[in-house]
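My questions will all concern the structure given below.
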Amino acid sequence: MRLRRENSLLLIVDLQERLLPVIDGGDQAVAEAAWLGGVAQALEVPLWLTEQYPAGLGGSDPRLLEGPGEHQCWQKVHFDAHAEPAFAEALAGSGRHQVVLCGAEAHICVLQTGLGLLEAGYEVAWLTEATVSRRAAEAELARRRLERAGAWAVSADMVAYEWLERCDDARFEDVHRRFLRQRSARPLRFY
Amino acid sequence: MRLRRENSLLLIVDLQERLLPVIDGGDQAVAEAAWLGGVAQALEVPLWLTEQYPAGLGGSDPRLLEGPGEHQCWQKVHFDAHAEPAFAEALAGSGRHQVVLCGAEAHICVLQTGLGLLEAGYEVAWLTEATVSRRAAEAELARRRLERAGAWAVSADMVAYEWLERCDDARFEDVHRRFLRQRSARPLRFY
Amino acid sequence: MRLRRENSLLLIVDLQERLLPVIDGGDQAVAEAAWLGGVAQALEVPLWLTEQYPAGLGGSDPRLLEGPGEHQCWQKVHFDAHAEPAFAEALAGSGRHQVVLCGAEAHICVLQTGLGLLEAGYEVAWLTEATVSRRAAEAELARRRLERAGAWAVSADMVAYEWLERCDDARFEDVHRRFLRQRSARPLRFY
Amino acid sequence: MRLRRENSLLLIVDLQERLLPVIDGGDQAVAEAAWLGGVAQALEVPLWLTEQYPAGLGGSDPRLLEGPGEHQCWQKVHFDAHAEPAFAEALAGSGRHQVVLCGAEAHICVLQTGLGLLEAGYEVAWLTEATVSRRAAEAELARRRLERAGAWAVSADMVAYEWLERCDDARFEDVHRRFLRQRSARPLRFY
């Protein structure tokens, strides 16, 4: 499986304000998800978010909504987002069959959503550094289980370069300047 | 594979009084198994236990039997519980085809029981934190081998939320209040 | 895959006197292989050893030859023992199709022998604590590669209890008294 | 999968002078790749290198070009070398279907090249100690992903001994004297 920007959708699960403080690595997960969200918007990859019971857990972390491009937000009561008919229908209608998945908790809502997507025939990439649980060991267990079920563990950098494919066009120039360069302590032009 | 409460059975293998003192992590395994045993009873998932040669190794740890609901206990001489005809027959008659497996020793009786169940066509989930051996490394080796054979490594939390599916009904309200809330140092309502 | 004593053969690869001093964990590997060699002889599982270029690397470690039962020794020039026609023919004639494999170096002769056995249709179990290389990381890489190719990583304890199957016969009584009991700092009768 | 010298080609990806200083383990990767490059030339296994945007990232590290034998160098703008038509055509024409792959960055150009090779039907071996990224964890993630896609993780030693097969011919004598012996602090003749 190789990610293509024209087939991809980025799905951020339940990175909500009142849940994040108890999550191991929650802050870094938000930063990583927000960074890839920016890349997604630059490349016209749809950016979707889910929120579980927002009356109790709060809304999505505001850093995830700062990008200049569009995003779409879904509320849910099932832990598996794909068990919500409106979500499933909209996803099928999006024409995208590769879902880059991240969020919290890895072993509950992200895992169950991933299983739902795989059962429905989507390709699923698990964004390792942005998928977290209260206990880090449980996030790793969830990742291994979803890999077994067919998902692919990826990093944000991996995804960005796969969406870009080559280094000699204006698209790369733009994303490199706004997103890739800032990621390296010792930046390298065109890489 | 996704666990459904109507298809599941929880099987606790040989967590016996005279065996537990030599087991690395034995005490935590009992606590974890007892906790999920309570959830199972609340959701009408059958709770079964096995005991290997109880005249020598003692009975099941009493914490496993404290739940208000029913449980069933099986004595065995084969390391693989499924090699005991009465057990195999009762399991086939239970109508449950997903076995959540835990106990001791991971690399002997739990492993062989898991292999027996997989060979007989059951789906098997390996409850990671409640499946233990004298040497922890040997428990990990057993888990990896049973995963290779077709089992799924899970955590108790994962199982509970898969059995529950959604957060907006009375079932979730009850299990959250009695079991889920106590698990988090900083409890989150409805999660 | 489950090991059965009537189908198994234990193959110890190149645990030779002038090679062992440079091997990380070589001494423990010999002890572990010798222990399972004793169990094998008690259960009439054939015990075979190979030696690579013994004029240069010395003979097999004498601890491997101390058991009261029979063993068979093979010299070879191919790193893959199964590439030696006499060995391959004798193995086919043994009627055993499950090979429990251990020795040194994990990433050279054990790996290549394992690949040869798998290609020839044998089931292969990789005896983790008795399969070693100069560098431990390279032994782990070899194990992972042979698992990918179809082998199963096992421990000596795992193998012994699978060969035994049950705890209520004279066979278990004998092996428990002579081999299993000595393995636990705090021995447990019948386990 | 077993590597054969008559089927193999060694491909070193983007180990370039201005990229290497930011790579975790870059120096060891060059040494390892150069060592196996020498073995490859001794055994008439083609040695190929790629360079991404050399105007910006510099040429290949000179240690990679020091061997007495031939090598071939390819410039590219796609992160996936196999997406360059000239490269893909030359590789198809080489008659080699097993590619031993290494280089930097593991999770960008090596990964994408590996995916391209696997999609095109080649067997791919991932040379673990010579495949590196700025962040080591990201190199490991890339290795696991390419293994999932069908590649095999190997070490340089593993590859050399598989290419050699046996220890009793002049080929082994030559490679042992020039390459294998120097790798062990305590060298062993014929091993």
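Per-chain numbering from 1; labels A, B, C and D assigned in written order.
Note that a contact is a pair of C-beta atoms (placed from the backbone, for glycine too) under 8 Å apart; a residue touches a chain by one contact, two chains touch by 3 or more.
Please read these numbers as outputs of a predicted model, since none were measured by experiment.
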| item | value |
| --- | --- |
| Chain hops separating subunit D from subunit B, counting only touching neighbours | 2 |
| Interface residue overlap between copies subunit C and subunit D, same or different (over half shared) | different |
| Longest centre-to-centre distance from subunit A, chain (CA-based) | C |
| Fitting subunit B to subunit C on CA atoms, where both chains share a sequence, rotation angle to nearest 5 degrees | 90 |
| Between subunit D and subunit A, distance of the C-alpha-averaged centres to the nearest whole Å | 33 |
| Per-residue multi-chain contacts in subunit D, two or more chains | none |
| Chain-level touch network, classified as line, ring, star, complete or other | ring |
| Touching residues (chain side subunit A, partner subunit D) in the complex | 1-2, 128, 147, 152-155, 157-158, 161-162, 164-168, 184-186, 188-191 |
| Residues of subunit D defined as touching subunit A within the complex | 18-19, 21-22, 52-53, 56-57, 77-80, 83, 105, 107-108, 111-112, 115, 119, 134, 138, 141-142, 144-145, 148-149 |
